[in-house]
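In the two complexes that follow, chain A is the common piece, with chain B as its partner first and chain C second.
What follows is the complex of A and B.
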C-alpha cells in the first residue's frame, strides 16, 4: 500500500470539492489534493446539461457542464492535483483516508485537514415502500439523466414520473424531447417542490399532467415494467380506494428527494444531524472531529449550485486556517430549529466568531408575508421579511458577530413568524 | 382574448390574467405583483422563447457532446431544432464554446458546445 501525506485532502471533485480546493490554495496552502471516484471532475453537473446555473455567482446563465468547467479550469490553473477514478473506502478521526484506484491500488493518505464533499444520493425505491413487482424499468430520475445525457441511450419510451422535484421535472422534458411519451408526473403532496419555472417549462410546455395529492399504489410487470396504478391520497397521505388511474408504461422514474452520502463520515465518528442527514458543523464548517470539514450537498441538500460553491469556499478557507493553527475558543452557542424551521446549518457557533454568519434553513411549509427571526431568551436579534418562504427554497438569515454579545445563554433559535 | 399564466420569475408564482387583442397583440396584464411579472407576461403571450439543450453523439467518444442554443429561440421551433440536431454527426476534438451549427433554422441562434470532448 502506498503511504502519502498532504496538508488538505478533499474527497469529491464536484462543485463543492473544487471550490473548497481552490479556496484552500488561494488561502496559501500549497499541498492540496482532491480525489474523485468518477473518471472526470465536475460531479453531478456533468449530467445536468440544462441551463440555469450560475446566475448568482457569475451573473450569467450557464449549463451544468459549463459551470463545472469554470471550476475545473481554475483548479487546473492553480495546478491543484485532482486524482480521478479513485474511491475513498474509509476515513479515520486522525484525518487519514484509505482509497483505491486501478492505477495506484490501495493508498493510505494522511492529511492535516480533510474536507468532505461527497454530495448526495437519490432516495431509492426501497426507501419509498412502493408496492408491486420487482421488474426492470424503474430508475431514479438522476440515473435516467445519466443514461440519456452521459451515456447516450434512452431508458424507455412510455414514462411515468413519481415525485415532482426539479430533477423529475427536468427529466420529464428531457425524455419528451428525445422522443419518449411522458404520461404523468405524480406528486403525493398538495404542492410541487420544484421551481415554478420548471413546472411551466418542463411540464406545461409539453402538456404533461401533474397529479398533485396522488401517488403510485401498484406496479405491474414480470420482467419489464408494464404499468403503474396511481391513486388520490387523503390529507394523511393515505390512498383513497376507488380513485385508481392506470397507466400503461415501460418506465417509472423516481424523483423523491436527496440524501447526503455520509457513510465515510459516520465511519470516522462524525456526528450527523437528524434533520439534514449531514454533519453537525460550526460556522467554519468544521465537524465534531477536529480538522474534518463538510460542505455542499453532503452537508445539507441545496437547491442552487451557486450556494454550494459559496459555502465550500468558506470551508476551504477554514481548513486552511486550521492548518495554520488558527484557534477559536471551544465555547459554543448552539443554533436550534424553532417553529416552522428545519435543518438550520450551522448547528453551533463559536462564541468568539468575528465574521458575519449565514444561518441556512428550510421552512416547514409555505409562509406568505412572514419573517424569519433569530431569537435568544425571548429577545429578537435579527429579523428578515419576505413575501414568501417555501420549503422548496433554502432560506437564510444573517447573524452579525456583535449580536453574539447579547447571547447570555447557550443557544439561539431560528423560527418563522407571520407578520 | 384572455390567457392565464403562472409567473416563473420567483417562488411566489403569481397567477396572471393577460388580455390580448383579436390579432394577438398584448393589451394588459393583471394579477402580477412586480414589474418583472408584466414583462414576462408580455413576452410569454406574444413571442414565447426557450433555451434548448441537448446531446449529440461524437464519433469514437463514449460520452456525447452536450450543446445549447446561444440564445433563447421561439418555442414553436423546438421540435424542428431537435429534429435537425438528431442528424448531426461530429468528430473529436470539440471544445466548449465551439459553434456546431450557426444560425439554426434562421433563428439567429447558434448551436454551441457546452463541454470539451478531446479524446
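What follows is the complex of A and C.
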C-alpha cells in the first residue's frame, strides 16, 4: 500500500471539486491533489450535453462539457494533479483517505485538509416504494442520459417520466429529439421541482403534458416494461381511486430527487443534516470534523452549476486558510429553518465572521409576492422580496457581518413571510 | 435438436441445484433444464433466506423430517462451498397473553420434531437481546439454532459444483410435454427434445403441472405470493436475530430479519394468486407489511428501503411435500410443493432423491469429483491489507464498478466466468451484489452491461436485465441518425 501526503485532498473532480482545487491553489497552497472515480474529470457535466450552463459565472451559455472543460483547463494550467479512475474507500476523522485504483493499487493519503465534493445520486424506485413488476425499462433519468449521451444508445421508445426534476425534464426533450415519444411527465407535488425554463423549453415546446398532483401507482410488464398506471393524488399525496390513467410505454424514467452521496462522510463521523442529507457546515463550509470541508451537491443539491462553483471556490479558499492556521476564536450562532423554509446552508456561523454570508435555502412551497427574512429574537435582520419563490429554485439571502452584532442569542432563523 | 442424457432434472431452483450436485458424484450424464435465463430465478431468489430450526412443521410430516435434517447439513455445506451463512438465532414473540399459548405450542412441536436448544424467555431477557422489539412483548420462543443464508448464492454454489463435475445446465427451456416410453422418457421443450432414463421434477411452481402430465393421481397447487421490503445495509441494524410474530387474530404475522449481507428484510405477505409468474408487488401488500411489522418494531422506518420484491410459494393443497419416486411411473422422481421450509430442507431432499435414483439406476460413484468454491471474500468485506494484495494480483480489483456495494471489475468478470456464469445484469447482481445497494444500479448498470458484452460477446443491445425480452436498450443513436425509425410500428 502506497502512503502519501498532501496539504489539501479533494474527493471528486466534478465542478465542485475542480473549483475548490483551483481556489485552494490560488489561495497559495502548493500541494493540492484531486481524486476522481470516473475515467475523466468533469463529473456529471460530461453527460449534460445541453446548453444553459455558465450564464451567471461566465455570462455566456455553455454546454455541460464546455463548462467542465474551463475548470479542467484551469486546473491543468495550474498543474493541479487530478488522478482519475481512483475511488475513495474510506475517510477518517484524522483527514486520511484510503483509495484504490488499478494503476496505483491501494493508497493511504494523509491530508492537511480534505474537501468533500462527491456529488449526489438519484433516488431509485425502491425509495419510492412504487408497486408493480420488476421489469427492465425503468431507469433513473441520469442513467438514461448516460446511455444516450455518452454511450450512444436509446433506452426506450415510448417514455413516461415520473418526477419533474431538471434531469427528467432535460431527458424529456433529449429522448424526443432522438425519435422517442414522451407521453407524459408526472409530478406528485402541485408544482414542478425543476427550473421554470426547463418546463417551458423541454416540455411545453414539445407538447409533452405535465401531470401535477399525479403519481405512478402501478408498473406492468413481465420482462420489458409494458405500461404504467398514473393516478391523481390528494392533499396527503395518497392516490385517489378512480382517477387511474394507463399509459402503454416501454420506458419509465425517474427524476424524483437527488441524494447527496455521504457514505464516506458518515464513516468519518461527519454530522449530517436531516433536511439536506448533506453535512452540517459553517460559513467556511467546514464540517464538524476540523479540516474537513464539504461543497457542491454532496453538501446540498443545487439547481445551477454556477452556484456550485461559487460555493466550492469559497470552500477551497477556506481549506487553504485552515492549512495556514487561520482560526476563528469565537463560538457559533446556529441558523434555523423557519416557516416555509427548509435546508438552509450554512447551518452555523462563527460569531466573528467578517465577510458577507449567503444563506441558501429552499422554500417549502410556492410563495408569490413574498419575502425571505432573517430573524433573531423577533427582530428582522434582513429582508429579501421577490415576485415568486419556488421549491424548484434555491433561494438565498445575504447576512452582512455587522448584522451579527445584533444577535444576542445563540440562533437566527430564516423564514418566509407573505407581503 | 435431440439430446440424450441419463438423468434429466427439470428446474434449477435450490432443490434442483442441490440434487444436481449430489448426482454429479455418480457415473451418469445429468442435464438440468431451466425455463428462466439463470439459476434460482423462481422462489429461490425471492424468499426470507432463513434456515429454520424446524419447530414449525407438523410432527411426522415430510416438512418436519427434511427441515430438521436439511438445516443440520447447511453449516458444513456452507463452509465447504463458501456460501454466506450465519447462525443468527430467532425469536418468536408473543405480544399479548393469548399469543403465549401459540408460542408454547411451537416449543412443544419443535421438541417433538427433534429441535434442540428451544427455550421460553421473558420480557426482560427479550429486550436485552433485541432492544428494538415492541416493549409490549410478553414472552418469546428463543431459537438459537435458526440461521440465515443467501438462498440464491447457495443455488449458484450447488450448480457450479455440479457443472464442474460435468452436469449440463440449459436455460430458456420450458418443458411442454413428458412422454413415458420403453427406454425411459422423451421430454419436449419449447425448443428441443430430450431422451432420458430418469426424469426428476424439481419444477417449483410448475411441479404439479408436470406431475399431472405423467400421472393419473393428480396434484393441486396454490400459488401463494409473498411481498417484501429490503432495507439498505448499515453498520447498525435494528435486529441481530430473525424475529417472527406468532399466528394471531391478525393472521399469520410478518418477520423481520437481518440478511447475511447486512440488510434488513421485512415480510412476507401471503396472497393466493392464479398466475404462478405474477411477482408484482401491490400497494395493498406493501402497506399490509408495514401495518403488521410495526407490531414487532414500533420505530419501523422504510426511509432506508432500497427495493420491494415478491416471490411465489409452491403450496400443494395436500399440505405436505411430495418427495421420491412416483408410485405410478417408475423412473419418474419428484420434489413438489417445496414451499417453506423448502430452502432449509433442500440438501436433505436432494440427498434422499439422489439415493433413490442411484438405487434405481444402479449408479456407481465417480472415482474423483472436483470441489468448486465460490469466490471466498468480496472486496467489500476484505481488510485493507487484503485489498492491497488483491489489486496487486489483479489490477481489475482497483476499478470499483458498484460504488454502493464496493464491487470491483475483477469480481464482475469472475462472476461471468463461474462454471454456471452470469449472462444478465441481474445474474451479475446476485452473484456479486453490483446494483444491490442504495442507488439500485443507477451508476453501475451501464458499466456492468458493458462488461457482460465484452466478456460474453453478446452485443450490448442484446444484453438483458433477466433474460427473455428484458432488454436494457431499444436502439442506437447511430441507427436513428441513419434514418431508421425509433418509433413503434403501432405508431406508423
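The rule we apply is simple: the second predicted complex is superposed on the first by the 418 of 419 C-alpha atoms of A that agree within 3 Å, B and C clash if a C-alpha of one lies under 4 Å from a C-alpha of the other, contacts with A are read in each partner's own complex, and residues count from 1 in each chain.
In this section, a residue touches a chain if its C-beta (ideal position, glycine included) is under 8 Å from a C-beta of that chain, and two chains touch if they have at least 3 such contacts.
Fair warning: this is a prediction, and the values are worked out from it, not measured in the lab.
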{"item": "Chain B versus chain C as contact partner of A:50, first or second or both or neither", "value": "first"}
{"item": "Which of chain B and chain C A:282 touches, first, second, both or neither", "value": "neither"}
{"item": "Partner chain(s) touched by A:158 [first = chain B, second = chain C, both, neither]", "value": "second"}
{"item": "Chain B versus chain C as contact partner of A:337, first or second or both or neither", "value": "neither"}
{"item": "Contacts of A:69 with chain B and chain C, given as first, second, both or neither", "value": "first"}
{"item": "Chain B versus chain C as contact partner of A:196, first or second or both or neither", "value": "first"}
{"item": "Partner chain in contact with A:390 - chain B first, chain C second, else both or neither", "value": "first"}
{"item": "Which of chain B and chain C A:36 touches, first, second, both or neither", "value": "neither"}
{"item": "First, second, both or neither for A:122, with chain B first and chain C second", "value": "second"}
{"item": "Chain B or chain C, by number of chain A residues touched", "value": "C"}
{"item": "Touching both chain B and chain C, residues of chain A", "value": "148, 151-152"}
{"item": "Residues of chain C defined as touching chain A within the complex", "value": "229-230, 277, 279-283, 285-286, 302, 305-309, 384-385, 387-388, 391-392, 395-400, 403-404, 406, 409, 438-443, 445-446, 450, 460-461, 464-478, 480, 485-488, 491"}
{"item": "Residues of chain B defined as touching chain A within the complex", "value": "5-8, 10-13, 33, 50-55, 57, 62-64, 66, 68, 75, 78, 82, 96, 114-116"}
{"item": "Footprint of chain C on chain A - complex, ascending", "value": "1, 37, 85, 87, 89, 98, 100-106, 108, 121-122, 124-127, 129, 131-136, 139-140, 142-143, 146-148, 151-158, 178-181, 217-220, 222-224, 239, 250-251, 261, 263"}
{"item": "For the chain A and chain B complex, residues of the former touching the latter", "value": "46, 49-51, 61, 63, 65-66, 69, 148-152, 177, 195-197, 199-201, 204-205, 387-388, 390, 392-393"}
